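What follows are several structures.
In the two complexes below, chain A is the common chain; its partner is chain B in one and chain C in the other.
== the complex of A and B ==
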């Protein structure tokens, strides 16, 4: 039996429902996408009262299993116009599990002129508090004020000032283990959806008493250890332990797919100035609060996160991830980790997704609003975002809108969501994945890059992308961190055994993959019902017409091919 | 035999083709939409090389028939993503006819960094001249420079600085009889399409020698007189002769459909300050260059245009039309004709559509960027448009994009094109028309307003809208001014007789309407092929959820009903 807490944001009515089904068992994206599909009219205004926002924990949340407490947030996306699940690390999943909640649903919406609310969820109460004192403040300030009031161990969820203004590239920030709202469900504009319900923060108190009940505690304990060993033995996750995702800079530069100069190039001269080793050395040399290894949730055996310190050793930004280093770094021809960290920090404070806004700044630079490589100008543009100037709002609307307003044709997105940090003309596997995601261009979805024999060729990429779409989606399907996938991609038994030991539920690998594929089917159906046509799953025409100089490649995937990769 | 001049804007290659078919005979939208449908891939980037721009004259262009020289400009719209025909008065149609051209097609596109060109079309030559001296200048300056160089009698076509930046709400300006480029094909962003081909101006010289050949000159002369008599006898067109389209202010106020305060209301207190009588009296009192009656082309028996003078009697703006008075006036709660004229003038100079930008300013005011009713602020916002500031670019992108960037849900548009000056909740006939147009919300398409027994009811409005869709489209189909329709809406024989006397082509009323309906079918098919779904033909959700206070009405037309009104 799993509980969903339904909160009507217009009336304040609250009800708790109990369910016993596989989708509630698995939680995560399995649950969020089914709820969106069933309860949100596909053609509704994402910022209107018919949209809902679902916060779902996964099947192993609240246990001792490494990396199992991701929070899946689902709704209709104002950025893509389609279905969205965006997930975040941090401690909210853990706190929800302790309150016995598999899902919190924010429903309906108050009038536009209603005041901001904080929803507080504790063992014996659900309260709506006045949240006006948070309005307009940055996420760091909001986070401090929430921690001060509710304690650093409370699971807090908040949005930035850009989301309050309903801008499209805004995310939802969740508490990390230090009580700082720095773990973002960044993509798809769900921050604006939360704002449209006039909920400026949601707090899950640390007074929950629900303990996980194990049908076979011994086996669970053993299985949990096995997962840790698998993670430690896996070369990819071990690399992430040392270097974090920054390890990708050199890999992408070598493959000529490092986004550079608004996705015009795949190689940046001087990329080593922002690579993993430089970041590692910088953090080590500066010491202080800096950390090359850091966990976004507990327990985690990977700890790919980091704490990047300023020159005095004070925390500047945590974490800095490869995606940001590319979209706010190489893509803007910036070769300065301090500047990237500063931009990342401002983005976190403003409440925007670093990928979507990084891509928008690339577009703005191509439009001539600043020079590529101009570090100061790039930071200044981020300050415009934070201060909600007209230009800042353009950038916080993501690269598709920014490109329209600034008259740039080479807009790096699919379905309005910015392409992540792998130039698609140089990796047709990732390109196929971008074109296949129901969520807009996404790298966590079907990560083919490490497994492409000939990255520049589209041959066999429908099948390859589909294979990795399933591998990646398995993790989302149960609320696990995406990086666990490397250790179980050929054998999901260790995780399925844990589900069995925990709940007694036997799910075979085939059954599990059927659930994963059914989720994809449901998601694509939602998009179709929302009016997204199969011609919308395309890159900007310039990607098909202009050669990426380093690989000599154009985009050559047809609508028919990408459609195959979306069929399940 | 009718000629189409095809100009490849990338290579400079030019070829003239001759055709003898009904579509080339009728010209206008009949021709432009068929050419777009056949030659432009529906899913292409409207600003890329696969789009084409067709300038078509109508079947009676160059003759002595009143109001028959409209220029239809067709292409794929960057504003709506669908097919577009936007037509303008002025003298270009006449000049094209004298050069023996039914159509000029701008094809392909040069590289982004190619220089601006002026294309000059004369009796014996087609030249590409350097147009860089026009770049960045306002349309009035461009117009003066073109007139200076090519004479005031040349038919000039140019774009504003906003179009040079590829912004979405930009139009194409055509010479009026005084040699001023003030007659706009304003809607759908075709200005940006022209800019994407790096054509900053096109000039049809006044050296054409092709005279219309009449199979039955006597009958043609008689028929031409009959049309003048019909126009003069018709009460609607006679009203327009005295007051211009401004006559609609009082009518719409009485019907409670005068767009007010970003389409939140249908009545503006003090609307008489901007009505037709006030405008008439003001123009008469100021004298000087002011004119209450003025022809946008010759010959014209309606002369609905005007010249609005400033306090010293100097031309401030010509023409000022009802649509602008509503979208840039009542919709912003402005009650000052001078301010509206000033905004209109700046819009013309900047090269933007007054409806789309007026609606965007309404959205900006709702977002709190200025107060409704603040005349100075409204003019200042137009200056931002003219100066291409970030906010100006937002506004010049039309109200759909402006609403996204500024976080406003009540965005008054269909398919991205701003709703014209009839609040749709109060007139379900016009609402049905907005939802049925393949071009985005449009008032020239199926004008039901004068024929609705119960405007607030949707009963019977599918049929009523369809009836007037045909009546309105007949005029576009042959390059006639829309206002001729009042005189022939029950009997097209006078016009069809003229075609017969001119060319010997016998087209029955039924055959003619079949052509008109086939055009609509083709246009809707293009949109479907472009990925526009039937759910896209909707108003913003707020129109369905919130009551328009004066009529007590919400939008209640379903997707199924509007689909019926789009089926031919």
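== the complex of A and C ==
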């Protein structure tokens, strides 16, 4: 049986329920999206009392299996108006598993003038504490105060000051293994949803005593080792450990899909100044607290994260990911890793998604509020976000809102969520994926780029995107890190064998993929019920009218074609 | 002469003379064999286009090779 802890944020009532169904077994996005679909009225106000926020662990959470402790957070998105699942690394999943929880649901909402609360979940009790001392503070300060009060080993979840103001591009920050809330479920505005429930932090104490029970412990141990051995056997995985996701800068530049100048171009002259090798060399040269290899959760054999130090070797930001390097770097024509790291740090502190706000700053630059390539101006715009100035609030509402307010037509988003770091006119496979995701433009969901023989052609991209939508959703479906794919690649058997050894549940690969597809169906149905039509799954019209200079391509995917890629 | 740049790899830059066009999959294996490094999955890009295994590589081509990593 798997437990869900339901917390009514208006009344303080708490209820625990237990279920043994497959959705609770798998947890992750399989569970969060089903709960949202079933319990959240699709047409509700995402910041109102009818929305709910579900925090779900995955099927192997709390075990020794590498990278199995992702926390999947689901609700209705105020950014897209549709269903949202956003997940994060860190230690919260582990702590929930030790408390015997598969899911925590935040339900209802108090009056707007209610005070901020911290919900503390421990072995013996669940408390609502006064959280007013955290209000208005940055996430790093909040994180320090929470660690001081509850210990660095507590699994903490908090939001930034931008989320407190219910801004739309805000995320939820989760504790990393050092007790710092730096691991973000960044996308879709779920930070604002948490704030709408007047919950400024949630703490899972490190006093849980629930140990995983294995039906076949020996097989489980063997299976766990196998996953790590498969990872080691893949020559690419060591490079991933060394360079992390930053390696994509060079790949996208070579393929002419590196977002540049508010997605006007796909190539940035001087991109090597912000590429993986430069980042690696900089971290190594500066030493100090810098790390080129870092785990966002334990255990993790991949360790693709990093710690980027300042010139004195002090931690400036952890992690810096490719998507941020592009949206806060090349997309703004910035060629300065220190500036990108600084902007990333401010974003983490303010509690905003680096992709959506990076894209919003690109829009602001196109509107003439600053010059592309002006590093100081870009950092200043991030400071506006941190200080909640009127312009900062607009930027923290994401690129769609920013474009509307600032009079920019070339707004890089789908369903209101910023396009990730692959210029869609140059990669029609990724474009098809952006147009097919129930979450708004998303890249992890159907990563076609490596398998597109002719990236600029839309031929065959419905099928290719659908293939990778399933592959890309598998890990989310069970709460695993996406990069476990470097270990098992496209063969799910080693992971399904672990589920069998742990719980005795036999799920075939076909059955598992059917569950993944059913999740996609449910998510799309929610969006339809929410009033999102096939006309909404489009890029801004400028992408269809204007050529991307380096590839000579316009967007040419029709509504009918993208509809096919959303049908399951 | 064909120039193959293995980015983010110890192999580095490899220059190979070709009399006749050769399939990329055989050429890249020759490059890897020279340095005795296992390649794993790679992405090869020529003039902004992904190169497939059976594409022919000819004299004068310059190819960028990357480990097949992904963003996240």
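Please note the rule applied: the second predicted complex is superposed on the first by the 562 of 568 C-alpha atoms of A that agree within 3 Å, B and C clash if a C-alpha of one lies under 4 Å from a C-alpha of the other, contacts with A are read in each partner's own complex, and residues count from 1 in each chain.
Operating definition for what follows: contacts are C-beta pairs under 8 Å (C-beta built on N, C-alpha and C of every residue); 3 or more make two chains touch, one makes a residue touch a chain.
The structure presented is a predicted model; accordingly, all values stated were derived computationally and were not measured.
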Scan A:248 for contacts with chain B and chain C and give back first, second, both or neither. second
Quick one: classify A:390 as touching chain B (first), chain C (second), both or neither. first
Have a look at where A:535 lands relative to chain B and chain C in the superposition and call it first, second, both or neither. first
With both complexes overlaid on chain A, does A:454 touch chain B (first), chain C (second), both or neither? second
Is A:444 contacted by the first partner chain B, the second partner chain C, both or neither? second
Which holds for A:405: it touches chain B only (first), chain C only (second), both, or neither? first
Using the touch rule from the top, collect the residues of chain B that touch chain A in their complex. 43-45, 47-50, 112, 165-168, 192, 389-391, 393-394, 397, 401, 404-409, 530-536, 538, 540-542, 545, 559
For the complex, which residues does chain C have touching chain A? 7-9, 38-41, 43, 45, 48-50, 52, 64, 66-72
Seen from chain A, its contact residues with chain C in the complex are 234-236, 239-240, 242-243, 245, 247-248, 250-251, 254-256, 276-277, 304, 321-323, 420-422, 443-444, 447, 449-450, 452-455, 482-483, 550-551
